[in-house]
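In what follows, a single structure is set out as structure tokens and then discussed.
Should a chain be cited, it is by its letter among A, B, C and D, assigned in written order, with residues numbered from 1 in that chain.
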Amino acid sequence: MIIILKHGASDDEVETVSQKLRDHGYQPNVTRGVEDTIIAAIGSPSLSEKEMVAPQLQALEAVERVLFVSKPYKLVSRESHPADSVLDIQGVKVGGQQICVMAGPCSVENREQVMTTAQAVRESGAQILRGGAYKPRTSPYDFQGLGLEGLEILAAARKATGMPVITEVMTPSLVEQVCEYADVLQIGARNMQNYDLLKEVGRCRTPAMLKRGLSSTIEEWLKAAEYILAGGNSNVMFCERGIRTFEPSTRFTLDLSAVPAIKKASHLPIIVDPSQGTGRRDMVIAMSKAAIACGADGLLIEVHPHPEDAMSDGQQTLDIAQFNTLMHDLKPIAAAVGRSL
Amino acid sequence: MIIILKHGASDDEVETVSQKLRDHGYQPNVTRGVEDTIIAAIGSPSLSEKEMVAPQLQALEAVERVLFVSKPYKLVSRESHPADSVLDIQGVKVGGQQICVMAGPCSVENREQVMTTAQAVRESGAQILRGGAYKPRTSPYDFQGLGLEGLEILAAARKATGMPVITEVMTPSLVEQVCEYADVLQIGARNMQNYDLLKEVGRCRTPAMLKRGLSSTIEEWLKAAEYILAGGNSNVMFCERGIRTFEPSTRFTLDLSAVPAIKKASHLPIIVDPSQGTGRRDMVIAMSKAAIACGADGLLIEVHPHPEDAMSDGQQTLDIAQFNTLMHDLKPIAAAVGRSL
Amino acid sequence: MIIILKHGASDDEVETVSQKLRDHGYQPNVTRGVEDTIIAAIGSPSLSEKEMVAPQLQALEAVERVLFVSKPYKLVSRESHPADSVLDIQGVKVGGQQICVMAGPCSVENREQVMTTAQAVRESGAQILRGGAYKPRTSPYDFQGLGLEGLEILAAARKATGMPVITEVMTPSLVEQVCEYADVLQIGARNMQNYDLLKEVGRCRTPAMLKRGLSSTIEEWLKAAEYILAGGNSNVMFCERGIRTFEPSTRFTLDLSAVPAIKKASHLPIIVDPSQGTGRRDMVIAMSKAAIACGADGLLIEVHPHPEDAMSDGQQTLDIAQFNTLMHDLKPIAAAVGRSL
Amino acid sequence: MIIILKHGASDDEVETVSQKLRDHGYQPNVTRGVEDTIIAAIGSPSLSEKEMVAPQLQALEAVERVLFVSKPYKLVSRESHPADSVLDIQGVKVGGQQICVMAGPCSVENREQVMTTAQAVRESGAQILRGGAYKPRTSPYDFQGLGLEGLEILAAARKATGMPVITEVMTPSLVEQVCEYADVLQIGARNMQNYDLLKEVGRCRTPAMLKRGLSSTIEEWLKAAEYILAGGNSNVMFCERGIRTFEPSTRFTLDLSAVPAIKKASHLPIIVDPSQGTGRRDMVIAMSKAAIACGADGLLIEVHPHPEDAMSDGQQTLDIAQFNTLMHDLKPIAAAVGRSL
């Protein structure tokens, strides 16, 4: 930790700050220049000590700014685990040489829609089936998903096709139920900092996909994943799905630089969701290629037999022919970065 | 709803769109110009129909854009209730002529801290005591709050001072417990779109304060409140607490234009939290004055007897003398806008 | 300057960084902990040295991050000039006890429009007349302003009413011309980092108003002002006019926390433009009150006799009666913060 | 244009709006529903009429919102020119089958640095040499570039290597001078809305690269390019270089979805600058691959023989070996999207 004092800090003030540091297990090392006074605080107090003491120091009049040096996360960091983690989802690998494509409808609507989609995307090369049974919707008057019935439809599709299933869980009390039906728990962007949900997912052993919050920094995202790993569940993958910016021509701004950023900071895999990330069907193929090119471990793609009849997100959903084209076009990109699809 | 077709849309395409509209209970009214074709779709299908059909139309090749005319919320809208709603919190009014100041520590740490703060802020004129027992923290290694013990301390302070208590509830399963101790349920920024939580709060009758999400638009915020009202709980107030922007000199950017925006769109009261909203103790007084001047119904202020020892958010917390100054300085501002404090 | 090295930096790497610092006139002070190595670099090289060496250090493999301690601006800083600067605009003071209101049309359209507006706003208490002769417009097909003819109309209104005039200058080659007609040069948001323009304005002695760039941080804004002061013109005032965020219900997000931020960092006055900052006529009065309440030294308000016929920005322009109401409503707010209007 | 009236608009108000539309050459077509009144205004007034009348309508009390249907730009639109435009820069094509890489130092520092870099990047396959002679710097104390001397060094490198040169022009009065030395004029992000500069560049015939403003929407960017084309210079390419967001781990957020967005809206080529766009050397290769994968026509890359001695932007600059690796790694990506490098 580095503490920068205000101009003209007195010797007494320097001592007050130093003492507070010593009280919390740090060894302060004071550097006084003509203009500025800097205190480098080394030592290894616990992470919780570090998190607490910084705002306290900031509350002292003499302190201009407090800066962290060491990273506020551990288990997710690449330093704690230098090799890439490869998750195993019922035999499907995520994070290894193979690119993993997860595809399916935004919402589970009925058995036929899911079966048709599942078979079609599997034939095109998708490995995991996605579909929403519980849906987070901005309006209470929107379709809220089929719930348990939706989970049962997904399980039937899994049985019929052999594809593992990813679906969203929105609240701690349903984690157990969703685990019975799903192979991957999706934590949505709006729940990235729903800490009770993260803790509950940390207690189970089902792999989880943690979507980035709409306005979450990379660091906050890593810390949110740390909640799950700290709970004992290390089967976590990230999913970049677009952030909020001022640009209105896309629904969100897909931040692909998150891919190399996460790859550098963490050993966990990262997936990209270009359907949500752009909100525009005409951009899904281009941004899928870009995602693979910059190192993403997989894609999450919305597919529906008839997007114009979809109960949610039709505007960003591919039909089956378009999905087939996507998979075809991605193969040479995957090869160009030394991976397969 | 207004549907703008792509340039050169054929008669067949216009008919396809029109038929889809008729299927969903709309009467389409087509305007074809030299350049553009516009379809105005009037009629009164249910809100859920409206929400569903727009993305479906957007999924049609011939459609350039779909625009909503009517507002996607009802019960929170000023049109549904032209007069200002005034909430009654154990006799304390929020939304009326009187400005309501809620003050107290970020986190409940121990009985003495809460008692000291409660008595001090009450003497300075605060009407509601705030304090966090369950704390949403970005890192799993941060202090997570005292939980139930914290609620009991708040209840003791309420008994001792007569002040109603506001505290955060983070997860649906704890709503019932928190209702036993709290007079106002706070829904934090990171939970603004935790829909299961909103629904649970909608089922109880305890007043709720809905903080704005870090990157939530005004419209999304109104829709989130609509979840609570649609559940049957109409005792809701909004709280502006800063949004995420690129500016690093404040922790968030306090968007005070949200105050007149909410006042125009809704009948519900709006509170401003300058402590969270700026993250800087030296700005709390200035921004509190601004909030009252532009029409806020109250303030939420972090106060601690010793901010430099606070277990969270010390850098943005006033000490007791500073809070007293704040209350003193606010009086003439309140008077200048025809209100009292 | 503080240099944080990567984990496991070798002694050789520490020496490479230290030597580079010594080469540039710094005295490095190394602190090595178990986890981290920190180098505090004190000494007083010139500001230009500082600006250059940081990215060079960052380019070294061993360096994790470089942090600045001292502020990258001098003449604008409050440290260089602890007392508030008060500008004198032909006898009108900006930055002192009196709040200064500048009002007038967005664009100068014709002599009658300007005269009518000028007389009306002066009667209501405005002290400076605003009006655009050269207009920055997002489209080349928009009305681009009357240019020199517009300046002559403004000068005529100044003669008739005695009000000093503020108008925008968009390009270095016109600074001299605009100085002949204007009492204050306005530098627009889109030109905040037009450095040739800033340098040219620095060479003249006409007071300048520097609007904040749409996505400029407070620090970048201070540095832009430093260009003008470094050129020799210290008659500068800032103007907060809204920043770009994700919120669509206002044209920009008026960042009123910029007012206390600038007041703390600099001795120069700060004005608020609620017309541009919100883009909504129905918010101008509320946000004007808030601006004065949090310490702004003045306001910039768009007024037109018939906003519905204005050639630009009618949606955010007050008519004369509304402006009169504004001035009336502001008086008690100004009094509440110990100022007059 | 579509005008949405407020709830309960009277017949008189509808007629007032309709009359205003007729006055400006529109034919209004009124649709009155139970809830809403919508006026579709067709006809073909000039673009300048359209731009002016919308804010006027918005200024009417009865009007809730005004929406544009047709695009506010013409010459840059793909509708006006369905085929891709291919620029010819002294024989180097931009926008065709071949990917064009422009590389060189951020700042021109001296003859040797430029010569060494130029020869090295040409050998690796770069086609155009970049280098800054006039530098926009946030602080007046930063290195401001060598100016004319820098242009002469670039011209010498062009002569020695045969590579065309791109360099920035910051102010209208220097356009003529820079045109004497440069083959492409770069308009920087901070000058994207420097309209006098755009007009001056529109008057010359040298090709121009228009960088996206830090907080410019795609539509504003297209309109800015329209200024240049409207002036008669149709040799324009766009350059995405990152936008301002809340994310601090990259200097800007590179918005690659701008590539398909521009490709859809316009016939002009688009280049990506991953050096500026991320501000991190360790991300340049990954984001370059992504840019080519999603359809960019070229790249702008900062290269320096010794980034740790560069006078600007060393932290995001590749050295010569890294640039060579980049070019090698890009070839299979280009091939995968049917292009060559």
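To be clear about the criterion, contacts are C-beta pairs under 8 Å (C-beta built on N, C-alpha and C of every residue); 3 or more make two chains touch, one makes a residue touch a chain.
This structure is a prediction, so every number in the text was calculated from the model and none was measured.
Novice: Please work out which of A-B and A-D is bridged by more C-beta pairs in contact, and write that pair.
Specialist: Between the two chain pairs, A-B has more contacting C-beta pairs.
Novice: Which chain lies the greatest distance away from subunit A when centres are computed from Cα atoms alone?
Specialist: Chain C.
Novice: Using the average of all C-alpha atoms in each chain as its centre, how far is it in Å between subunit B and subunit D?
Specialist: 38
Novice: State, to the nearest whole Å, the distance from the C-alpha centre of subunit A to the C-alpha centre of subunit B.
Specialist: 26
Novice: Can you work out the whole-Å distance between the CA centroids of subunit A and subunit D?
Specialist: Centres of subunit A and subunit D (C-alpha means) sit 31 Å apart.
Novice: Listing for subunit A: what residues touch at least two other chains?
Specialist: Residue numbers touching two or more other chains: 215, 244-246, 248.
Novice: Considering the complex alone, what residue numbers of subunit A touch subunit B?
Specialist: The contact residues of subunit A facing subunit B are 20, 46-48, 51-52, 55-60, 72-73, 136-143, 170-173, 190-191, 193-197, 213-215, 220, 223-224, 226-227, 230-231, 244, 281, 307-315, 317.
Novice: How about subunit C: which of its residues touch subunit B in the complex?
Specialist: Spelled out, the residues of subunit C in touch with subunit B are 215, 217-219, 243, 245-250, 253-257, 259-261, 264, 277-278, 282-283, 286-287, 289-295, 332-333, 335-337.
Novice: Help me check something: in the complex, which residues belonging to subunit B touch subunit D?
Specialist: 2, 4, 7, 29, 31-36, 38, 40, 42-44, 67, 69-70, 79, 215, 244-246, 248
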